[in-house]
Amino acid sequence: MERTLARPDAWTWAFLGLGLLLLPVGFYLALAAPPDVNQGYLVRIMYLHVPAAWLGYLAFFVTFLYSLLYVFRPDPRYDRVAASSAEIGLVFLGLALVTGMLWARPTWGVYWTWEPRLTTTAILFAVYVGYFLLRSAIEDPDLRAKASTAVGILGFVNVPISYMSVKWWRSLHQTQSIDLTTGRVQMDPEMLQALLFNLLVFTLLYLGFVRFRALLAAWEAQKEEA
Amino acid sequence: MLRFEDVWKRFGRDWVLKGVGLEVERGEVVALLGPNGSGKTTLLRLAAGLLRPTRGRVERRGEALLLPNPPAFHRHLTAREHLAYDLALFQGSGGMEEAVGLLEAFGLPPDKPLLAFSSGMRKRLALLRLLLLRPGVWLLDEPETALDQEGRRLLLELLEEGRRRAAVVLATHDLDFARKVADRTLLLGQG
Amino acid sequence: MLRFEDVWKRFGRDWVLKGVGLEVERGEVVALLGPNGSGKTTLLRLAAGLLRPTRGRVERRGEALLLPNPPAFHRHLTAREHLAYDLALFQGSGGMEEAVGLLEAFGLPPDKPLLAFSSGMRKRLALLRLLLLRPGVWLLDEPETALDQEGRRLLLELLEEGRRRAAVVLATHDLDFARKVADRTLLLGQG
Amino acid sequence: MRRVLVLALRDLRLEVRGRAGLLSVFSFFLVMLFILALGLGPEEVLLREAAAGALWVGMAFAGSLLASRAFGLEVEDGTLDDLLLAPGSREWIYFGKLLFQMLLLLLLGLLGLLVAAGLFYMPLERFFPLLFTLFLGSLGYASVATFYAGLLARLRGRDVLLPLLLFSLVVPVVLASVRATEGLLVGLPLDEVLPWWQLLGVFDVVYVTVSALLFPWVMEG
Amino acid sequence: MRRVLVLALRDLRLEVRGRAGLLSVFSFFLVMLFILALGLGPEEVLLREAAAGALWVGMAFAGSLLASRAFGLEVEDGTLDDLLLAPGSREWIYFGKLLFQMLLLLLLGLLGLLVAAGLFYMPLERFFPLLFTLFLGSLGYASVATFYAGLLARLRGRDVLLPLLLFSLVVPVVLASVRATEGLLVGLPLDEVLPWWQLLGVFDVVYVTVSALLFPWVMEG
């Protein structure tokens, strides 16, 4: 039976469009923000680094949520959203890793050290690489969904660990200036504004990408059925 | 005891079962017939709950035991040990005396490791487990193969017992055998 | 082609074969009969050279191919690939066109991975290899099981071919089948 | 549940009979400690510093081999289907296999402690706190290992993925265990080791609960 | 012999298809290097010193997993008997499997060099001498590994004994390889590395010859 492929809906276009539109504005704000007392202009990497890392966390949280949903109701749609979000999350976290490394070189003198935040972040990255390796190893859609759901749930444990690592282990890496566990903020208001704006832009992009990717996955599934 | 409602099953792109309906009550023996690759084994695995239908529903009341072909055992256990663990893990009601008695009746050495069993001996042991564990649904894949004359006689007796106690579904290529033991047959692979 | 001279075989303490003598020439089909555990499979493995006799001698001229029950394949290959490797490794004289033709004649999908084959499809593939690799000694363990009507017809044809080309020894529990195809029978397990 | 115990003991018996898993894993573990000691030695200070790390790295690797034994025999002998047909919900299968893994890991750890005492000059005065750390760490490890082994057993020949999936989840557990062990070895007071124990405890509870809940679900259908 | 190549390539293809062996071994190897770096770091000097050892320890362990893949698929699928029935004397089977192992070990070693360069600050200027050492070490290792794998494939519970038997024979090879690599890393002139290469060469010739001669004999009957 010939079914027409669903098209991206208005929300998807809106998120993507708005995100892409505001991206230059975000860059502008980042460049216009005042230099840091210690780091000078180098601090501008932060406006990429921090939102990317947070969006990575958020994406994995969404994967976690949809994996839980899938446990209670095995609807392939949930699985597709979970996988899409994990994929976009990997991209964002990868961006955070790369920008972090670029930042580390001038500040700490090396690209990489075995330091708790960096280590836990790398591990987090590995968890979701494993998630996709597992998916690629299973052909049966039901089994694939189940297996990756389990990883999506168990693997999420690493997100709070990565986040808390700077507190639990005395770390070289910056501790939180915006502490999500206590709600304390220590940052110059202008920098904070720029940061929050970039966060908003990244979130819009994330939403757009995930919806788009899930749709692609739906097309693939439909093609498999045919 | 066992009910298939419009069951469809697909592997990859190929449909193997297309809308199978089946109802088996205790006291019935149903034979599955059909050419190679027509989905008999698949149907048995669906009935056991080891596969899930792509569409439709499989319902079952009571425990099922699937006798695959060839049967599978832990090869480092002896027959006696294997049955003892089976009784514990399947929470069977029978006891070890019964198990030992059955081993004797089936002509099997109780203390030889199973890796030294010949194919017919393995088949006999698999059949014996049905009597010991008393599942409500028997699912047998080509149960008549690998057995000698005496083994076949034991199988026929066993199926009489099964007819009294359980709902039995068996897959076979032996038409004479199917005719002799089955109350009904289901022919697969005719679209 | 194949000769057993007073062959004895023991596993642990149990004697399985006690002084078997057998001579099979090209053009002969010999059926091994006997109850479960009487040593049919053991005899076939001795003939293939996979086991060594405890006493006595096994002589063979020409390559042998053993068809175990159930047959064994690399499950991640497709049938076409498997046959291509077989031709290379066994230095068979047939070519791939012949292989593909045979696959068609045996009703097997050439490009499906073997792990997706049903038991009867695997059996057919195993039989087909005999025609492709043309060994001088065919050793078949319960070749008639797992096959449907069409598969049995193919097997009978195959055995006619085997009678022309090779020395054939097969183990079976199906007396009718043995009567139909065998020139001679050897009854094991009578002491 | 009696069945949990029966299953664990049966698996132990099978492994001992097969002589397979056990010997391989234990020899692997010992050789690994030996080679690490050889590579890091001969200075006593350095060795003593590396002891906790070496012990747990050894445990982690040997443990990943052990994990594939959790369902290895079931897959080899084709008996997994049969086990899944046993009546009742399937949590007990998870717990049985977990117990089996725990017993072996603890044995391995104990052996490791003794060997490390010899090779790495590791002091064993605080034996019971060390044992407690061993228990907490092993439980966190085994809970995930057993779960993944079960999940992957259905994929035949795919235990492949096991190390990767496993390590990414248990590295935090291993790190916390290393820290706790180090603390004990350098003689920190117990209440400075406590946070690590608490962290391990949290991991254990989360991993065991989630795995046990998900296990029947992933093994079905 | 054409069959040697066909067999090696077929096995490679099977491993890649199963996605099993390879991924597992490679991820194991990487994780092992990663964890060793984690445990030994973060001081650069120490890491650099440990690089050669870590690389070869990693190779030895990953190699022992690889070895069980040499006949692993044959045993899993029950096709070993069939292979043994192929006409002619059976040396070619040994060489086919050896080639298969060598290809994988070299790939693994190459990957290891690159990763160790990153993780252990290992200098790669003398790349070709390093590669040569890798080749000599791998050949010695693989020759013994393949032989034992074949021997044990006919027994049950094989992977068990494999590491144990293997390590005792290959320890000299691994040690010589470590020394040669270390020499290259600290910048010794090549003629001070030469004795190690000669030693490795002798091991290679002896192990390959003896294994190839014994192989048909142990596989028969």
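Structure notes:
Lettered A, B, C, D and E in written order, each chain numbered from 1.
Assume contacts are C-beta pairs under 8 Å (C-beta built on N, C-alpha and C of every residue); 3 or more make two chains touch, one makes a residue touch a chain.
Just so you know, these numbers come straight off a predicted model, no measurement behind them.
Number of steps on the shortest path from chain C to chain E, with steps defined by chain touch: 1.
For chain E, the chain whose average C-alpha position is most distant is B.
Relative to chain D, the most remote chain by averaged C-alpha coordinates is C. Centre-to-centre separation of chain A and chain E, using mean CA positions: 39 Å. Rounded to a whole number, the gap between the C-alpha centres of chain C and chain D is 46 angstrom. Per-chain Cα centroids separate chain B from chain D by 37 Å. Remark: chain D and chain E have CA centroids separated by 27 Å (rounded to whole angstrom). Among the residues of chain E, those in touch with two or more other chains are 18-19, 23, 156. Touching two or more other chains at once is no residue of chain C.
Among the residues of chain A, those touching two or more other chains are numbered 119, 133, 137, 142.
Chain contact summary for the complex, chain D toward chain A: residues 144, 147, 151-152, 154-155, 158, 160-161, 164-165, 167-169, 171-172, 199, 203, 206-207, 210-211, 214, 217-218, 221. If you check the complex, the residues on chain B that touch chain C are 11-12, 34-37, 41, 69-70, 107, 116-121, 123-124, 142, 145-151, 173. Across the interface of their complex, chain D is touched by residues 48-52, 63-66, 68, 72-77, 85, 88-91 of chain B. On the side of chain A, the complex with chain D involves touching residues 71, 119-120, 123, 126-127, 129-130, 133-134, 137-138, 142-143, 146-147, 149-151, 153-155, 157-158, 161, 168. Chain E meets chain C in the complex at residues 2-3, 6-7, 10, 13-14, 17-18, 73, 77-79, 81-88, 220-221.
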